[in-house]
């Protein structure tokens, strides 16, 4: 993996994320959120986890982003971010950032290069999913079903008022 | 002889790469990638132009009139004329539009459509970007289209556009499920997500005559039909073109687009169509394999494009034949029929596999499909459920 | 020179902080969701990076955790957005600093 | 081959059960689908039953079992399994066939019921559960299916749940049978404690085989009696018979199913199944438990047939006849005539189903009229029903030579005559036969002969879908007697595993003529007594029963079921009521007074302490509470209700943790 790609992707991702966090218009924020996630997927590609990257794009750009824009449409009354941003929150976030950065930089053990690995094929992932991680897989399936039903119940309009 | 003809494009690429032979690795990669990209764009934009005029001519024939026949021989230069017209037209952007989004939407939609083309094997060793999770890549990119459509609808701040975008997204999401699930049986049977492996798995012939394509198995046939219908919806073609139903909402999410942006949308729609059909060919119709052993001397890419153009003709045929469906009919069809049938295809494929992939398996999976199909057709029998039509007015 | 693990961690830390910023400072409920998603993505990036830079060969544990967390994040987003819609129906606002019914 | 079939024996009950599940999943409007499914399930069960039946014909004394571990707790596993032997096979065929007839009949009978599909689901469930009882090779499995039968009967008796009487009857049936099942379950536990297995046959180790029986020892008597409690409850033996007549509240096909094929048969079948436990350590065929069975049976038989004389509800009469017939079977089992009892059970299954369906047809024809006094003269209006009903009546009252009931009764009489303990049951049974003939004649006269009355004005013959089953069952009731004649005791031989030689000479034997004479006497008496029944005769008004006119007191006694319900109401229930009153009184006056007294003392003490309390303690307490309240307010300000604040706090905590670790490292 070459550093040029890394730099490009990093700049893209962080810029998009910052835009998602700070743009005044919700729609723009949501779209740049999607871009940020594409960037993260690119990172995964760079790290040799193509499958995860594809899943990332698939889930976030294909599903979550669309969901978000749908929500924005359904709560259309205030698409503008009402109220002034919360100063304290910003300060805390920056403090956390500083702390993390400091912690990462002071640990010298982290400055290592990537070892050579055999490519992580989809076949292998599938095998592991179906053997070692089969119970987590089942649980996630259950969770998703529950989330689906729960979401439906939450947004269901009861007849007498709807 | 035939081999050399078959691999002629590979040779050409090698020749083009020769000058940068000594260059570092990444330069090589970039060059070959660029070559692939330009090849793709060249081929498919030509095909787009060709199809756009052919469609008009075929539709014309179907409707007892001549299609375009003025520009050039048989009006074959019609697309050129259209292109020029589109280019020199004024590009109108609504005043209240969200400029950035409005501008980005066509670019994004075209980009995704073209990206999806990248993973399809067009011939022996002719996969532009062969990645391990090719199918997944295809759908991941395809799912981005919805966002682009939404951007178009939202960006051009217009009721019709918004409604059209909503309809488009709704039906795209609904039909993405059957579209993806119908690929599962193939992926399961082959045991790989990469298109190359899938095509390789469809090599050979039953009893030396019937090609090893998955469409020749019951589950394959069913999955292919479901896939094709979902593809129709995904590319917003008749009979599922409610998003741009001229009679209802002017042109759906493209209402506010004019000039070259509109052309881009138009192109994106066609290229998406090519991509879906190409994937269908790859998954079910044996990719670039020849239908009859005797005809294997014909180059592989020819076969691919023959199959592709047959599918495209069916698209056009459907457009010429079928009326437009209601949005609620489309939705019901998606959730109540397509999805269960898609899941059934998975089961049928599993049955086929465990019954030894032979004649027995063939019959068993046919039985599974038949049972479910009959059950569904009994359950969804709407003949006696015609309710009196109710009108709702805005209060 | 190829990027080291540190660089990836720095990126993910930045991403995390941006997510936190969005979740803490913006008033709109959807922004908070976006921020949370960003933080989750940063965590995934960490998992993958540690798996990649970890001693090889090894089972793809990091990848697995990333996949599962993506699935769970999807579920979380679905429910969260549904709640946003429900809240909006009820209070006619999605501005979280007006939603303080639970104050002590 | 055989092994494989027995291994898959579970398919027989599974078919109707599956059918019922599918039907339940159908919407209420898919009536035809429901009926068809139910019938298909039953047909499958019938075919399989006939298959296994033919299998058991091959070798005399055929018995194959298939056992498997249900679950293991600790070190000992709980095994269940299926058994296939003549007893089971014969019951299977009988249940499946009778059930099928009843199913078909109910298509016509329930045609205009709004819960048509639900009804068929319950029916299938019922028959499936009963088939399960029959094939069970483990007392536990049998008990499970047994309870399923109880549940199904509850659902079906209370099928017209909107009728309060139906609901009450369902409850009564359920609770009454539960009382018996209580004992049954105790018996099971005891049995398991003694023999350590609940399997009937487990090549030598089963609880009905030598090893298990030896393990039981002296406790066998009590175990047998406890199990018999269950049988008493299910088969409506005295004193738990009270639910059976009330069960008539259900739809008529249900009554047919309960009385003929499934529910009540279960009790007799149970006794026959665990007969070795009863007969353990018998001195020439007499054991204490068996004597109990006999006495209960005799009491039931006589009591029921007497009560039947005083009833006017067509179905109640049949219900009491069932009770008495079951008593007869119990007697037969008790005196050692297991084969005779089972034969009578099977024969009874057919002709009782016939009678009930006939009654159903009559009720259907007289638009839901149950009172026989309002019927009459239906002979011409419903010829098929009349003829078939007459066949059933003959069979029930035990007319020999031509009707199945006759032979089996004769067998039973034979068995009772050779009982060593006493001859009393024998003579009582003879009396019972007379009574049976009597009340059946009465019913016939009331319903079919004489002049037409209110309900039978517009009566009409039922649809073929209802009469066909009647004809089938009638033919069964007649031709069944072929395999029952002592001349060729085929079924007897089949059940007992002995050879059944053909010997025309044995056709003629004294007992036969005795019973023939008795039946004749009964019918004659009936004709003489009730010749003018239902019509105005002398100074007797039309609606009073001749017997009522002659013996008012006796008739009232019978009419009110010997006041047994009232007896229970005034003993069992009254006792508990009195207990409640007593404890209430104790509570009100005695304990309350005591408490008051203590309370008074406390008050007096309190007066002294208040003073100190006010000055000393309260002050301190007030201070504390004030402090706590203030603290609470202080803390609660943190609960701003702002999620972002909470998030921020979490973030700060994370940061602090991070710094802490960094500092530690």
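Chains here go by letter, A, B, C and D, matching the order in which they are written, and residues are numbered from 1 within each.
What we mean here is this: contacts are C-beta pairs under 8 Å (C-beta built on N, C-alpha and C of every residue); 3 or more make two chains touch, one makes a residue touch a chain.
Model, not experiment: these values are computed from the prediction.
Enquirer: Can you list every chain that touches subunit B and also touches subunit D?
Expert: Correct list: A.
Enquirer: Chain with the smallest distance from its CA centroid to the overall CA centroid?
Expert: Nearest to the common C-alpha centre lies chain D.
Enquirer: Count the C-beta contact pairs for C-D and for A-B, then tell me which is higher.
Expert: Most contacts of the two pairs: A-B.
Enquirer: If you average the Cα atoms of subunit B and of subunit C to get two centres, how far apart are those centres in Å?
Expert: Once rounded, the distance between the two centres reads 34 Å.
Enquirer: Quick one: subunit C and subunit D, Cα centre-to-centre, how many Å?
Expert: Once rounded, the distance between the two centres reads 63 Å.
Enquirer: How many angstrom lie between the centres of subunit A and subunit B, each centre taken as the mean Cα position?
Expert: Measuring from centre to centre gives 28 Å for this pair.
Enquirer: Take the average of all CA coordinates in subunit A, do the same for subunit C, and state the distance between these two points in whole angstrom.
Expert: A distance of 6 Å separates the two centres.
Enquirer: Going by the touch rule set out above, which residues of subunit D reach two or more other chains?
Expert: 644, 647-648, 651
Enquirer: Residues of subunit C that contact two or more other chains, please.
Expert: Within subunit C, residues 20, 23-25, 97 contact more than one other chain.
Enquirer: For subunit A, write out the residues touching at least two other chains, lowest number first.
Expert: Those would be 2, 51, 55, 63, 70, 86, 88-89, 92-93, 96, 100.
Enquirer: Please list, in label order, each pair of chains that touches.
Expert: A-B, A-C, A-D, C-D
Enquirer: Considering the complex alone, what residue numbers of subunit B touch subunit A?
Expert: Residue positions touching the partner: 26, 98, 100-101, 131-133, 136-137, 139-141, 143-144, 146-147, 150-151, 154, 162, 166, 169, 173, 176, 191-194.
Enquirer: Which residues of subunit C touch subunit D in their complex?
Expert: Residues of subunit C touching subunit D: 20, 23-25, 32, 96-97, 99-104.
Enquirer: Note which residues of subunit A are touching subunit D in the complex, please.
Expert: Touching subunit D from subunit A are residues 86, 88-89, 92-93, 95-96, 99-100, 102-103, 106-107.
Enquirer: Quick check: in the complex, which residue numbers of subunit A touch subunit B?
Expert: That would be residues 2, 25, 27-28, 31, 34, 50-51, 54-55, 57-58, 61-63, 65-66, 69-70, 73, 119, 121-123 of subunit A.
Enquirer: Along subunit C, where are the residues that touch subunit A in the complex?
Expert: That would be residues 1-11, 13-28, 30-31, 33-35, 37-38, 41, 44-45, 48-49, 51-53, 55-57, 59-60, 63-64, 66-68, 70-79, 81-86, 88-89, 92-95, 97 of subunit C.
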